[in-house]
């Protein structure tokens, strides 16, 4: 039997002017369960709160209803008041008689009658309240960053800076990611490697950062603050602790025909290789598909050449398991497949290349040593045509519906760099729209046009076909309303970018939601842009959506700030208004987990007594209270009504309905 | 039929959503008959979107379009300029009554110069 | 004996309805059920009603009382109402017999006053069967479907409904319908006799007209209870209540409260021993498995009730459950299987 | 008819999600935008918390109209809640309509925390509609009326 | 039919003998040919009572929920429409697939004794099926009927005679089964939609007022496998046992159809078992039709593991009631 206290607030004149507060507290004092009812000028004031505290103690109240302003305003205040008087803070209900009553109704009778009903409804709900306690869980003070590109590096560095340990898991043999492949960066045109590699070195040197390169996440268990992650360390066949990165093995290797992924397959590398000069870790790796020793058992030259004995052909994948408090996804992007765009002849003509290939062709460490030469005949191209929006903004099903965001800027960069270095080169750019929002971005693009004389053509290319050693680029020039054909030596496609495909697997493991384009979904597009809806999972860089380097770095740091905020806590206090499943009624059908945006629901097998000495094992839902955010989607999806929401239980809401409808 | 009604009817007849066009001009970039056309393929889409039907109905382009579907095939927005042209063409042809190309007339019209595609297109255009 | 043309059935009912509320087999959305007759209603005397006639005396839901809280006071309000005499029309012999079975439960001490009030005011107009069905097995329970009792007995033959008052109540009813009823003659009496003979012949060859009930004796209660065949018989039972709700003799009920906008109403409603919450008590349920509940139904009808009521079975062979069971499991199959072997 | 309408005081239950619509109602309040007093609001965490059972319960108890307000699609505090609510309510409304129950008695509106004006306008409009429709007869439970 | 039955028995014997399964779920002969009962057979000899004739409309898949909790493996015979329920139960993890051996069987549509009675043919004591003809023996003489006249509603508007994907370990099909049009089942729904709200209200009022709350529809429904139904749970706030007010039936049937919306495979059992012959399938089909139209074609149970439309969404879904506005 509850003992309820009712406190009607005048809110000065805000409520009292239109609601007869005296009468409201009088009428409510007769409600079932109410043992004390009063009214006061300002309940939220020091004195008002004292009044409540005294009443709770004097009348042994088990719950209170405050008829006042919106719960969004002072629910927290009155919960604290109740707690201070020894009452469970969730035994407090607010009847909103200001915003929802006194402020909107002029008729005093009408407003008073409504206030009574709202008060009565709050009492009806409170009668069914149960004390709730916020759960507490510890936090493992270590973060995992999945992906070692600029996003992952920046996030890891910032977290390490704050004093927390971070692991970077990188699927490739080195960290650095896509940015390491770039030549120059817009809009300042500084050398990509020059700004990236120091950060890579910082990572390697940080005591707090553990780089797990050539590794993949295998399994994720747990929840915010308490993840357990199994990581596969792929066999390198080179002992990381011994290898000095001297490169002797590379020279010794007889199998030199492997395509160099770092150079976008534009040249070759040996079977044992270091991806690039500044690789971190600077350790060789053997391509098992290419290595003669691993394939045929005959060779072993590199092992003989290695002075430190780092090479081990018997190496196997190993697994490690670590605990983390937070997980950052920074899996990045790749260039999308152009197989549906044969009108541009990418597959048929060596001299039709993607922009990322052009980066390598222009880079001093690239296949041509930085001299721009056509892949086909190694001649200097005299006419270069760029095509924008290849596969972006395409809803025909062949490409991506979104704008890849970075192409306008990097194309302007390429055009400018080429005109700068090879002034005799003619550069044309077919564009649909030029999108250059960003600090100094539009100025940059205009410089390409005005200062470097790049020919921008508003229109799209219809087809590219070879004519001798020339590439004929036929397209429309919409401003001149002409169809033009440009005889070019090199065609560069600004291909759409897409999320790194492995992200799908990772998102599933993390139960982080993913959109139709495979970009991870943020918890709130505007207000929580670096968090996944799954608590404890954060998003950094391109995995969340197309963005350039400055934006990636800012997001990475924002993400780090969020992670630090989490790791700084010793305990996580969870919102106690969460779902819970009545195991006796749960069918284990799996419907609830389908609608849970947070992956808070799992299923466990449990034994039940059936009576008559019989038992049976049933699959039942189990809600992780630390992860559940209390939206209630599962409660309605559940056909048996086993799922209910604490604080907003079925019975409570129905009691409110009944109370309102009582005439 | 007032203009809005006609425009809507033609939009419906074309079966394509002209609002999806992002004005990239790829259709015109691909069109093999571009030079012969007074109104260009991309303009068919934007004129229809704007309800400028008369201009389209009076254009020579109507009769130059081969219905080769080059413009349709790789439109990134799933718009079909050829279908727009077809719709406009029908709006002109239908009121003319039965003066269409008959199958038996085709052999006489054939010679080595005429591209196959044109014959296919002609059937499509004049024989329904 | 009186008669009225079947085409004048509604006129007859209108005449009765002028003085009494009349419950008759009314067709609604293709099915016949007892319902209050209103002028123009479609009455079908040839179709077996889905629900039995027991609703007239023992409605599926019935208000008992109401609690009203005012402030912190509680008022208890009796919801018993005076019942005016009413007519229940077209009751077949099996259903007439079922009233006797219900009476033994509700009218023995302590008397169920709600039932008694209705039972006393009911005027029963019975109807002889003209065309028994294969599902009928009333003959096993000493019922003559051609000669139902009741305050008035009626027959449908040819184009007439024949009307024979049996009791004072029946005579009064005849008065009320005097304007519609005409006197019958010798030929009419002969027609009725011939129908009885004809139908009697059909009743004799009913496929389940002669079941062996000899095994169901109180002294064999334990053996019957422990019969291993209950398992198989109950295995496919869905646990729905259709057999119990169409049954004229099932009389289990539940008492529930309903929160209205003005206090709490306490009502009773039919319960079914097939339901999982049957005999659910505060702490436990004594029948946790469908086998137990299934067995309860048939043991009740064939053993428990007869042992307390002079050997009378709690079944009238109306065949409704035989027709309506979703999985075609029924009392006949139970009698044949369990009663078909010795329990010593 | 006129007489009955005069006596008839429609009862409207409004379920509002805590993050958008309830805040929108608060804003309507602080902007002193009035709407009929027979609209009573029940706060729920998200529109997806609203079970069709609640709506039917309200009608059973004598409500004449039920409205559900949530964040605009895409703006859900819990990212996807209102998408589920949208499908559920679409289905429920279809069924009520199919059973011949007046389609205007139930409604879903998306009201953001900034749309105080809209909240008041929606409630005024809905209340006027329910007033026009008259008493809820098709989904009433007579036991609740006396 | 006889040939099919023989093959089924042969298959059952083979699997029992081979130790693949230790019991068989099928139909057991009744008294009158039309009253077959679902039953479990443990021994070869018991299969003498095994039957497969035109009155095996009952969907056996729901029994597997309880069966797969027991030890051993069970053989079940599934008609094409039953395989959808089976898959749906797999989706909802109600059946342990490893404990069930499924044999899909040919179906020509099953018969309805109620339809035969509704034709005034009473006292049916036996039947004979020959091709498309059904001979009915009654206490009052014989009658001949066409199969198509007396089929179960669910068979008259059969959605498909194709087995659901991956549902059957093997199939026994002797004759080619006709292609069915999955949309023909919506004709009555469309007819109702065309009525005015008043007419619809009158229709449903008349139909639902017959409901006796026997729960047969719920208990037979393969989508209703809750340990405790909300209507039996006093804590749910809507528990009810009796038709105390007309509102109850509406509430019961609205909530029940809503709970199975997107999960109902349209097996038609609810209507088959209703003692008052309420066309309950029309409620479920309304949901199916609306889901198909608003959220894309979806057949529950076609694919085990598929995501039900009500636990899914698209950003561009319509707003509630939008499809009901005047003129739409």
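Things to note:
First chain written, first letter: the chains are A, B, C, D and E, and each begins at residue 1.
Everything below uses one rule, namely that a contact is a pair of C-beta atoms (placed from the backbone, for glycine too) under 8 Å apart; a residue touches a chain by one contact, two chains touch by 3 or more.
Given the structure is predicted, the values throughout are model-derived calculations rather than measurements.
Common neighbours of chain B and chain D (chains touching each): A. Among the remaining chains, B is positioned farthest from chain E, on the basis of C-alpha centroids. Of all the chains, the one whose CA centre sits at the greatest distance from that of chain D is B.
Chain pairs C-E and A-C differ in how many C-beta pairs they share in contact, with the greater number at C-E. Chain centres here are Cα averages; for chain D and chain E they lie 36 Å apart. Mean C-alpha position of chain B lies 52 Å from that of chain E.
If you average the CA atoms of chain C and of chain D, the two centres end up 45 Å from each other. The multi-chain contact residues of chain C, meaning those touching 2 or more other chains, are 258, 261-262. The set of chain B residues that touch two or more partner chains is empty.
Residue positions of chain A touching 2 or more other chains: 595, 637, 650, 654, 658, 661-663. Contact between chains, per the stated criterion, is found for A-B, A-C, A-D, A-E, C-D, C-E, D-E.
Taken together, the chain C residues at the contact with chain E in this complex read 28-31, 33, 50-51, 60-61, 131-134, 202, 205-208, 232, 235-236, 238-242, 244-246, 254, 256, 258, 267, 269-272, 275-277, 322-324, 326-330, 332-333.
Interface residues of chain C, counted against chain A in their complex, comprise 69, 71-72, 259, 261-262, 284-285, 288-289. Those residues of chain E lying in contact with chain C across their complex are 30-32, 34-40, 58, 63, 113, 118, 122-125, 138-140, 206-207, 209-210, 212-216, 218-220, 228, 232, 241-244, 269, 272-273, 275-278.
By the touch criterion stated above, chain A contacts chain E in their complex at residues 584-591, 594-595, 603, 616-619, 637, 639-641, 650-651, 654.
By the touch rule above, chain D contacts chain A in their complex via residues 11, 13, 18, 22-23, 25-26, 28-30, 32-35, 37, 40-46, 48-54, 57-58, 61-63, 74, 77-81, 84, 88, 120, 144.
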